[in-house]
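You will see chain A twice below: alongside chain B first, and alongside chain C after that.
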Partner chain A sequence: MSIETNHHIESPKEKQNRHKAMEAISLLNSLREDFKAPIESMEYFYDLFERVHCKHESLHDDKTKIGTMCIQIPSEIIYALDGVPIRLCNGFYTDDEIGSDFMPQKACPLVKATVGHFASNNFTDKPDIVFSPTTCDQKTKAGSMIESFGYKFIDVDFPRTKDSEASREYWRRSVKQFALDLSKFQGKKLTKANLKNAIKKIGYAQSLYNKLSDFRKNEVVPILGLDVFLVTNAFFFDKIDNWIEATQKLISELEIRAKEKISPAGKASPRIVYTGSPPIFPNYKIPQIIEESDGIIVADETCSSNRMFNDMVAIDEWNMYDMMDSMSDKYLKACTCPIFTKNEDRIRRVIQLVRDYKADGVIYQAFAGCTVYEMEQRSVLEAMEKEGIPILYLESDYSPSQGGQLSTRVEAFLESLKTRRRNKK
Partner chain B sequence: MFIYTEEIEQNLLKKSNMKNKIRNFINNGDLRKVRFWIQLVSFVLFVYGGYLAINFGSSFPIFTCPYNQDVSATCYLISLQHQLALPSKILFSPAFIPIFIGLLTFLAWFIVLNKAWCGYMCPFGTLQDWITSLRKKIGIRFSVYTRHHFEQLSKIKYVFLTIVLLFPILIGAGVISNNWSATFCQMCPARVISPMFTGDFSQWSIDFSSKTNMILTALGISFASLFFIGSFVKKRFFCFFCPMSALHYIFANTSIVKFKKNGSKCTRCGDCYTVCDMQIKDIADDVISTNILRDDCILCLKCVAACPEDDALHFDIFNIKIFSSTREGFEKRMNVGFNIKNDGETDK
Partner chain C sequence: MKYFAGIDIGSTAIKISIVDENKNLIGFKISASGSMFYKYAQETLDALINELSLDSNDIVYIVATGYGRKLYKEADENISEITANAIGARAAASDFGEIKTIINIGGQDSKAISLDSEGNVVNFAMNDRCAAGTGKFLDVVALKLEIEVDTLSEYHFKSTGTPLPISSTCAVFAESEIIGLLGNNHGIEDIVCGVHYSIAKRIVKLVKRVGIKEGIYFDGGPALNSGLVNAIENEIGQKIYVPQNPQTTTSFGAAIMGVDSYNYANN
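Now for the complex of A and B:
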């Protein structure tokens, strides 16, 4: 007698995929449905994330995929050498849990999730080589672990101070070394024309982002902060030409919306500048709470969004070394990552964003375990107090469980901003 | 009454629209072209103006060297040296009035443009920019100083300025002989090079009349040779050592022209530093000073043109922003969005 067994036992990979798809789709559905006046051209981005994270489609079968661990690896050089940059910072709770087996209990969820992703070896676009700038301790140390999983992993020396001339020189050398390493790996020579083209292309993407941001300065903000985070997150892995096209479309739609004063937010919605640990798809927990509680994020100071696009490269003479040096400086000197010894730049930047985008307050998120953001909290709070800018500091992680407590605090803060605005009038 | 106020309002609106239009036009302008033409015109005017009997006097704040007979103005340093070389007795008598007037005339010129005299008017500076364009065409990369060398070499212009001021007084006091007259001019590369514009190569010689002259003119010739080599490999090579630039800086605060920075808008991305011919680091790194004019600055305003942050850098006359950095202007000048497919050198 034979028993026909028709059921299939789910493999760990399948389970991981299923969980990640659930995380992704629940966010995407909420973005599609929970807010009024949805933007049509955002569908490209919703669909993109759905294809990659729910249907596990790969986007770059035909290209060499160059993994990067932080924003400091110049994607201009990667494009110039015919690779596709894939930023591997990870926002999935599923991967965070896998990574927990390798990292200390109190480690940063972003690093844990990234390590977990590597440990599972379950990629839609698997990186052929990974370059990691030695930024924070946890990412730096995670590197050797990831290498031990069998990946080709190269550290790119990154200085922890940025004020000295030595650090500038040091980083310029590091970037040159990175270009050499990658050029060897790709078996392709970096040429002036290629690099110039890549700089132009990234420059164009940056200018699109800045145009997008300009709409958020309007009194009636035509786009959710969540949507903008999604657009900038897509830049981590999307085909750049598709991204450019989709963003152009988005901008033309926003132009119409701005004219017709259509907004997903309410009239009295407090305008928020978001800073701190980066929201990375699908961990949009805090931005989601903010915008579901009638706040609107008008600007951000994070490495998953604004910091990637803000500073454009200028060059006097398009020589190879001038391009390299000018580019390198942007990735070091203009960077407001909290890993640096001092960070007045970040404070100045947040204050300026509040002014430019006429924000009512700042929400500062730090991942529990992201020591540097946790440590910098004090100085930022002090500076904001001095400027008379209301600020809320929140600690969160990737777990889906703490929603209630966080939303109470956010709601109270937003309410206080509304009262403040009313009193001012 | 009601109509009247409305009219005024409309007029005001029109005016402010007009103002914004002009402002945008200037801020979006192609600085390179503007500069090229201003430089060309002033070069012709100052170097060959003599042919047209134009004369701007003898207290000009740029290197318009009278060793070239046809200049339309005279470099102030040469007059200053001659005036200071008067015998000490005369120097401290009422006869010092002409010296004072000379200084006032120099200041009168200077306050109009501040250091923009260097970046836009000085024929010697223009010549260096032309040599730079030649190098660019050939496709050779320029050189830069290391920070350490920069700081060491940056002092040389003050040494030259001391020579300009001190040696004539020593002559007047009878400490050194007349062979030292116009000490700096004898060493100055502009003395050797300027007459060449009108076909006079006679300054490429060493004056053997005395040991002093021999040494000074030999120095002049070596500086002139160095000038050509130097400015071929280094942008604005000589300006870095120019005593006139040092003299300018002493009076920089008297000018109606100010070069300002709003540090709170600066992200320290370093674009301004990248394009700076003079390698002035403060332009990118200093976010505290509002007056960002430094002693090496030639006020060419390339940094303003290369700054992507709105109003972070601006060039003011009477505290009115004449030329400000804007993202829009930046994108236009850098050809952002155009030229994605490489079509050669449209951005030159």
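Now for the complex of A and C:
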């Protein structure tokens, strides 16, 4: 005889949703509750992520959703052709575990999670088509796998060098091809007026990001790095007009906080520039450890945040050719992704950020399995040493169990920065 | 008629089952282990014999099992709780069919036991000397939430939000996490639900070590908590069998073992 229970047993999708909701809520609650002087207008973003990841609401039922796999796909063209770009880089451990069945064991968790998400076919906003720039090996190879799951998937050829005129030409051709493909898919023509509007709108969003970043140069930093990551991650999928409005509100609140010198950080909190594999919601493991250990992230050099917004499209004449070429250049020449053969730009950018944001040190995080970031660690560390900038290199993944070990190393590094600052005085 | 007793002395409770020579369950009794295992075990056995209107001479063979089994020196034999649990589960679920895996959550340990088609133990995994994901853990949670431990399942099914994850399943650290959640005005329902899922995930990891198969039997005191049962079912993705008396499976198995041992010695 058994005790009869007639409770519903979750389907695999329901289980995946619950697991992801639990991952999301624990980060969101920590952001809402664990830090002093919370920012009121951040609630828009907390609520946005809760709606999408805990309540599984769709945002774009009325639009064609254009999935992108990296930052190099020009969103300007997608908006100009009346689509919504949805960046599918994934930060969920739940999806990482699902993806593990398809990928080598030592693969990058971001790619595994992205593949897992596609394999589960469980989207709040399912992409109607996916464009994938051929950036790193794992993403490139994952493409054919994702296509085999039954998605409409198009590779966009991306060069691995950026210094030559040939690669520039090559990429400009790829962007034109992308525009043609999407235009055909949407059944719409790319017009000069629409593209100009889209470039201006994204340019405006970029200018808001820059304004937001300027506050972090202040001696009293009014916003957590964690919150900024959330704002920039929201740009992956939010309705752009809503994002702009919410970010404007946030900036107004930061103006007041800056004047009143309100900060979530302590007086002696070391200022950190964060670089390496991108923090993507809800994998904010390292940033969370940093800011819970009395550090404050003042700037970052990652493709989930700064790299998305840093460089504007520079247009001389608003004609189609000039717009297309300038836009292509922005996504290639300004990109500091470690997939490139040489990447002096990235080192220069990190050093510049340290100076502009008066940082005490750099934390460089690479996902175990993200070979290019793991490899580039060496040249970045050497360069920082030459400049006398303290740097900590960490490897991590999406698993929730590593916390203790990593936090000891981060704490020790932050303490050494505090001592260094004290001794300088 | 000859009778056989199985005494399971656990960290939290003493469970005694009596079977007849046909291995039918005649009666059982559960009492707290307290601090004097031996004394309470003897008292409980005497009380059970009384209740069943038997004489102590009717009990011809006693098998002790459980964590405190070696303290009960009057036993004719003692066997590990893993063997006893396997025997008991197979007998208790005779109406169900073949049991391939047993999940047992006790007062201070939890285990997964894998059985072959004969009911023999082929593999087992245990979480040892740690209150994480055990009955004790649920006690601590209920105490902190100021609710009764047997109402946990009611709260579980009332949860409408996202279950709040408890990142630490260490009973000591989890306590402070729960205080933190309460301090931030989160509902007890979502906390309880989150606690159940964190235990369930841990248990499923244990089950994975011995291999997940169909035919899962869940026993031990916490199996009475249907919220936890549902959480484990969701994590494992299948229905699990909870016996009518989940606390006494192991003592039942010990008593059955007694019949076999007695017959073997006297034939």
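To be clear about the criterion, the second predicted complex is superposed on the first by the 419 of 425 C-alpha atoms of A that agree within 3 Å, B and C clash if a C-alpha of one lies under 4 Å from a C-alpha of the other, contacts with A are read in each partner's own complex, and residues count from 1 in each chain.
The rule we apply is simple: a residue touches a chain if its C-beta (ideal position, glycine included) is under 8 Å from a C-beta of that chain, and two chains touch if they have at least 3 such contacts.
Note that the coordinates shown come from a computational prediction; the quantities given were computed from them, not determined experimentally.
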Which of chain B and chain C A:Ile25 touches, first, second, both or neither: second
More chain A residues in contact - chain B or chain C: B
Which superposed partner A:Asn310 touches (first chain B, second chain C, both, neither): first
Chain B versus chain C as contact partner of A:Lys15, first or second or both or neither: second
Touched partner set for A:Glu40, first chain B, second chain C, both or neither: neither
Touched partner set for A:Asp62, first chain B, second chain C, both or neither: neither
Touch list for chain B against partner chain A, complex: 136, 141-142, 147, 263-275, 281, 284-285, 287, 302, 306-308, 327, 330-331, 334-337, 339-342, 345, 347
Contacting residues of chain A [partner chain C, same complex]: 1-3, 5, 7, 9-10, 12, 14-15, 18, 21-26, 29, 32-33, 54, 400, 403
Sites on chain C touched by chain A in the complex: 92-93, 95-96, 157, 161-165, 167, 180, 184, 186, 194, 197, 223-224, 226, 229-230, 233-235, 237-239, 241-244, 246
Residues of chain A touching chain B in the complex: 163, 165, 193, 196-197, 200-201, 203-204, 206-207, 210, 310-319, 321-322, 325-326, 329-330, 333-334, 344-345, 348-349, 351-352
